[in-house]
Amino acid sequence: MSLINTQVKPFKATAYHNGKFVDLTEASLKGKWSVFVFYPADFTFVCPTELEDLANNYAEFAKLGVEVYGISTDTHFAHKAWHDTSDAIKKVQYPLVGDPTGLLARNFEVMIEEEGLALRGTFVINPEGQIKVLEVHDNGIGRDATELLRKVKAAQYVASHPGEVCPAKWTEGAATLKPSLDLVGKI
Amino acid sequence: MSLINTQVKPFKATAYHNGKFVDLTEASLKGKWSVFVFYPADFTFVCPTELEDLANNYAEFAKLGVEVYGISTDTHFAHKAWHDTSDAIKKVQYPLVGDPTGLLARNFEVMIEEEGLALRGTFVINPEGQIKVLEVHDNGIGRDATELLRKVKAAQYVASHPGEVCPAKWTEGAATLKPSLDLVGKI
Amino acid sequence: MSLINTQVKPFKATAYHNGKFVDLTEASLKGKWSVFVFYPADFTFVCPTELEDLANNYAEFAKLGVEVYGISTDTHFAHKAWHDTSDAIKKVQYPLVGDPTGLLARNFEVMIEEEGLALRGTFVINPEGQIKVLEVHDNGIGRDATELLRKVKAAQYVASHPGEVCPAKWTEGAATLKPSLDLVGKI
Amino acid sequence: MSLINTQVKPFKATAYHNGKFVDLTEASLKGKWSVFVFYPADFTFVCPTELEDLANNYAEFAKLGVEVYGISTDTHFAHKAWHDTSDAIKKVQYPLVGDPTGLLARNFEVMIEEEGLALRGTFVINPEGQIKVLEVHDNGIGRDATELLRKVKAAQYVASHPGEVCPAKWTEGAATLKPSLDLVGKI
Amino acid sequence: MSLINTQVKPFKATAYHNGKFVDLTEASLKGKWSVFVFYPADFTFVCPTELEDLANNYAEFAKLGVEVYGISTDTHFAHKAWHDTSDAIKKVQYPLVGDPTGLLARNFEVMIEEEGLALRGTFVINPEGQIKVLEVHDNGIGRDATELLRKVKAAQYVASHPGEVCPAKWTEGAATLKPSLDLVGKI
Amino acid sequence: MSLINTQVKPFKATAYHNGKFVDLTEASLKGKWSVFVFYPADFTFVCPTELEDLANNYAEFAKLGVEVYGISTDTHFAHKAWHDTSDAIKKVQYPLVGDPTGLLARNFEVMIEEEGLALRGTFVINPEGQIKVLEVHDNGIGRDATELLRKVKAAQYVASHPGEVCPAKWTEGAATLKPSLDLVGKI
Amino acid sequence: MSLINTQVKPFKATAYHNGKFVDLTEASLKGKWSVFVFYPADFTFVCPTELEDLANNYAEFAKLGVEVYGISTDTHFAHKAWHDTSDAIKKVQYPLVGDPTGLLARNFEVMIEEEGLALRGTFVINPEGQIKVLEVHDNGIGRDATELLRKVKAAQYVASHPGEVCPAKWTEGAATLKPSLDLVGKI
Amino acid sequence: MSLINTQVKPFKATAYHNGKFVDLTEASLKGKWSVFVFYPADFTFVCPTELEDLANNYAEFAKLGVEVYGISTDTHFAHKAWHDTSDAIKKVQYPLVGDPTGLLARNFEVMIEEEGLALRGTFVINPEGQIKVLEVHDNGIGRDATELLRKVKAAQYVASHPGEVCPAKWTEGAATLKPSLDLVGKI
Amino acid sequence: MSLINTQVKPFKATAYHNGKFVDLTEASLKGKWSVFVFYPADFTFVCPTELEDLANNYAEFAKLGVEVYGISTDTHFAHKAWHDTSDAIKKVQYPLVGDPTGLLARNFEVMIEEEGLALRGTFVINPEGQIKVLEVHDNGIGRDATELLRKVKAAQYVASHPGEVCPAKWTEGAATLKPSLDLVGKI
Amino acid sequence: MSLINTQVKPFKATAYHNGKFVDLTEASLKGKWSVFVFYPADFTFVCPTELEDLANNYAEFAKLGVEVYGISTDTHFAHKAWHDTSDAIKKVQYPLVGDPTGLLARNFEVMIEEEGLALRGTFVINPEGQIKVLEVHDNGIGRDATELLRKVKAAQYVASHPGEVCPAKWTEGAATLKPSLDLVGKI
């Protein structure tokens, strides 16, 4: 069964965020849009470029009222140390969540059991805590923050305009479709 | 468990393709890259714009040696009728696969059981029949063929350049990363 | 066990009916006679002739207070598109029910599991929601609406004349039999 | 699951046929078309009229190479006694099969368990022993031998003309349909 | 475990009795002695001689306040037809019970499952509905009504004379035994 | 299920017979007819009269080639002691079988579990070890050896005259019936 | 687990005692000491000598307020007959308990299942119904009533002198031991 | 089920014997008679008097070819220390077996689970390793070595004189009984 | 799962302590620190040197408010006897706990099942009954009481100084560490 | 059950060692002594002092032929980064093993499941791969490398001097004990 439209399962985690250790639960997600960005491991190769790409676009996510969460099976201690020592990660202003038990990675079905590491999974979660978009890459294939932004905007548009749907390659400001019996079989 | 890196499960299906009904199995995927594009239903709203978007980019997919498959739980008869009558779908040159038993939708975990329809799921499959990228949208949120093209190219690059990985927002021709001990903790 | 005399199981479905999409449940059947006519798929060969034959006799069914339902595992979207484009189906004034989950086809035991399509099954249902007559053909063999009319009339006659039974080849107006001890072993 | 296209299950039974007791098994059906006609009980009301109707049409069934079998849960002894004493049943030239264990009634899913009697079920079986048409009436509703003849002919026509199907209300000599891609969505 | 001293299990059946069809249940047995006489099938060989033998002794059973029930897995319709046509059975004044479901034959453990017919079982039942004597013969071996009468009388005597027992070959009027400590080891 | 026509189950037992202790198994029964006569307990009331009645008729059983076995759940020691001290039992020339484990009483379904004693059960067993007649009385009701002799003779007659059956109240020398189609429904 | 210190399980039995048949249950044991003496079978060899030995010592058991029970799987009828006819058993004034169901033999774990007979088991039971001493011999080895008397006295002494224990070979009147810390490791 | 006549189960144990630690298994028992004497614990009260009583009679056991084994759940280390320090135990010349795992106590069903100590159980074992006599006392009640000697002698006599049995209170040299049919019911 | 931080499971035991037998349960541990010292067996080699080493350091444990418990699967009787006779053990002033059932050894997972003896396990338990330090040696390897003292002190220090942790080789009076975000990744 | 004397279970892991990533399995441990030192997490407080303490004593471990392994549930990437940036960890010359799946922590029963981190567990493993000493501290309590060295030496001494055991507080060069019967109960 797909995770789409399911509720985020209960969890407890500690994140490193702006020089502090903060506790998070599924309740922390309620009331605003969230993006969960899983990556395999701190101190590795593709990961910092992806996290940096998100950091560079963070202002725009913020403008949309979206919080971004970077998540790996490392501890929050390792996240702080990485943040302290990596030029790329230093730019990250969003929370880096420690998941050493793998609870989150398993809840979102991105755990590679034989390695104890997460796949590159991205999840857009609405303010009610439901997953609306998911995307998982095999670990060598990097993600693109601007694609993610487009999806977030489409998801937000649909959520706030009941009765409209976003057609293919929809971007902000483009026309949407209003489902009606007349359109059936006519496009 | 994630579907990433799993083998496509055995299946039998009939597709409408270039004026003919053709039989497909998991063996039909071997030897070239494939993209599986699930959508909810023929004769509906978002679907034709997505399929048309793919049709408009089909030449490029073809250049990359990629076959595209549009899949819904409709029959191949309905696919032909839609192709005959819809201006948007008339452009589609790739196979439209009938999945009335829902076998494919269930194998790729995109079946909405209470509706009998598929979610908007996209899957990039390598020539060995393994899923390398997956993406699923809640049904109101359209997809973008150019984003899909970028992912396919990254997946192909990584597959043909063992020992390199694509960093975030990698596009064709951009530099990749070569993992090495020296990079650990240095980016 | 036979379905004869069992209650129609609960269901939810959407039908295309006279230019509208309407919702149906088992409750919609209560209070009048119904005929359920399953067929394999929209846009195929035998199906439209059967549905057209029923359409041609629909006035007579209506006179008997009987509603006819055409049912396939296609969606109601496909039903509308078929109705829009087929000369035969255009004549259909009764509801065409979408059953993409196959719930109805399985409830009436006419699902061909390996195809995801229904067999040609016909069911006469009384105003209490009980199945009184059933008939299933292998898919190449067409049905005859006048035969169905005869059976509906016999079923209605027996229902409204307790203590009488319809002998073989009974047609409207013909004599019936009144069971009595005297007749035992005497015919 | 429907019985349509399933193989007749193994059975052993004794029938009264032309003044003799004869043994029957599923092997007795191989090589010619058969019609199984279940009825509730010897010495009752509707039953003899149905069996007589079949007897009156028996010559035509025979011309089509079809054997007819009347079956109830009575013994073959009761069948003989009924044949000896009933004017209607005296006309029957086809086998009357005793099914006191109810094995046949259960195999064909027409047993009324709380009565130990069969429903009015009719089954057309091809020379390979597969059920092609089935029809079951609640017990007050009589059958019509001429309708049965039409169905047998349609089933035989389809069997001997691969690639053709009988449209609705087809009768012997009428045009059939040849499925082809061109017809899809065109009727 | 033996059926002796067990309660007759609940049942429902229809019997042919003196030109009427009558309903019977286990409650019908309460308050008087009953004899259940199972036989294989109507219209066969040994059966009518046994039923005739009972009919010839019926006056005496009646004098003892005993009702006799003839039971086979035939229907009550067949029982009536047999009664109408057989000279032997015409004499039967006691109920002939139809057991087409085999419920009674199974409750009294005389069903031959592979034939759907009952063995020749005889059961003497007291006014409380408890089985006091049972006797079963393989089907070729006929019973004797006078032996049955002797057993019924012995059972009735013991029931109405608590503290006495009938010795071997006891017949009406003969001396009985009164159990006492003194007799232990002394006969 | 009835014990009629089942094979006697394997057993081992010791009997007191003509001043000796002898071992018996199911193999001891092969090749001649046997009668098993269960009774509740040595040194009690009805029992010796039944065993004496059999002793008085033993010559006739012997002439028919039948061995009689008296069986209770007492030991063979108690049987000898009873034989030594009871005038009635002194006459017994047939084996008295000890069944202290209750194996035989349970095999023949005559064990009263809450008392550890057998019911008055009688079984006629053919030379192949199959039970052909059974009779069980509640414990106060005595049996009659002459009735048993009649049944044994009928069973032997049927066994040695295949194709004939003994009608009701058949006794040695009386006419039997030969089943044939002509008799069906004619008696 | 040992039976020592367990409660005698509920039972119902009939005994022959002083010319009467009396009913016994576990409640009959409450309030006085009991000795249960199992033996294999009435009318055998070792058994009467053991029962006679107990009979000869019965006055002394009585003086100690102890009831003795002789128990075998024979019936109380057999016990009476044995008492009537055996010179040894005539002396027995204590109850001889019939255990034809083997309930007691199984409760005290002395049943030889393949023979249906009890082993030579002896059990000393206190007035609360708890087993304090047990002794079982293979069946050829006889018991000695004087040894049993010694054990009963020791058990009674310990029961009535809390805080003392009987050393080895203790007999009535001999010194006992009072457990104390000082004695630990000092004897 | 009784342990009488069962085979001693496999075991491994270490004993203190004549100044040495020796290993024992069930094989050590084969070829001579053994007596197993369980007691609760070293350094306690009743135990040394029982072990001393056996020591005082050990010469006679030896003459009979019997080995005695004292067994508790203490270790063989504790046995040696007790032997070194207790005047009573110093006399013991037979093996003192350590059973700290409780395997032997459980095999002989004398373990008090809530204390981890054995009951006072005595077992006579024949040279084939089968238990012939068992005796268990509640822990306050001491045993008597001379009673044990009598039982051993009786067991040996019966073993070496097949066809004879020891009557009650048999002691060495006394007459035995020879079972024969003539004695049945005559003692 | 580790025993660290689990609650001591309920137990009952008897110890020899300062010339008395005293009862202990898990409740006896509440309110002060405890050390459980398991050893294999009384009267053996390494054990007394370890117990003596603890005895020599007992004053210091006492000063820290710690009770020491020596535990083996011997009985408290054996403990007393050992204390009486061994020069080394005579010095022991702390309780020697008897564990003949092995309950404690199993609760602390130090039972060697095939020997019935405990491994050399040491456990430091806080006043709430939780295990804070554990140490188990294969049986040839002796322990050192001064190492144990160091661990007890560290455990007590941490317990009484929330927010501090003892670094490696910490001894009483040495500096501790206060965890703070600033230290993360900085040592 | 204790882990003492069990075999190290199969595992696969990657360690950071002297500037390289090296693969380890249980086979890597064979042929020399190993010490496994689990700690909770990289970049935390107590951990570096413990690892530094071991580093300072590493020369002595090396002299004894012992390899030391530091293990946490962090990745080998994090280990390298920590080694690169921490002054304390820079001194570590022994392998730091990554255990992100927790396989090793679970095999050695030191996983804190709700945190995904290991307890402070230390294990001495012999060249055959068997655990001889184990020690686990609650996480605030630091370990001491010199205590570990003493234990390793004792374990090695016992391994190389069969028949000797190390008494309490044994240190290199001190006398050992030779177990003999004479010592039992004498220390």
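Labels for the chains are A, B, C, D, E, F, G, H, I and J, by order of writing; each one numbers its residues from 1.
Assume a contact is a pair of C-beta atoms (placed from the backbone, for glycine too) under 8 Å apart; a residue touches a chain by one contact, two chains touch by 3 or more.
Since this is a predicted model, take the numbers as computed values, not measurements.
When the contact pairs of A-I are matched by residue number against C-D, B-D or G-H, more than half turn up again in B-D.
With each centre defined as the average position of its C-alpha atoms, the distance from chain A to chain G rounds to 82 Å. Each chain gets a centre from the mean of its Cα atoms; for chain F and chain H, those two points are 51 Å apart. If each chain is reduced to the centroid of its CA atoms, chain A and chain B end up 22 Å from each other. In chain I, the residues touching two or more other chains are 43-44, 77, 80-82, 85, 113, 184-185. Chain pairs that touch one another, listed by label: A-B, A-C, A-I, A-J, B-C, B-D, B-J, C-D, C-E, D-E, D-F, E-F, E-G, F-G, F-H, G-H, G-I, H-I, H-J, I-J.
Residues 19-21, 77, 80-81, 84-85 of chain E are the ones touching chain C in the complex.
Against chain F, in their complex, chain G makes its touches with residues 41-44, 73-75, 77-78, 80-82, 85, 99-102, 113-117.
Considering their complex, residues 1-5, 43-46, 48-50, 52-54, 82, 85-88, 109-113, 119, 121, 132-147, 150-151, 154-155, 158, 164-170, 177, 179, 183-187 of chain G touch chain H.
The residues of chain B lying in touch with chain J in their complex are 181, 184-185.
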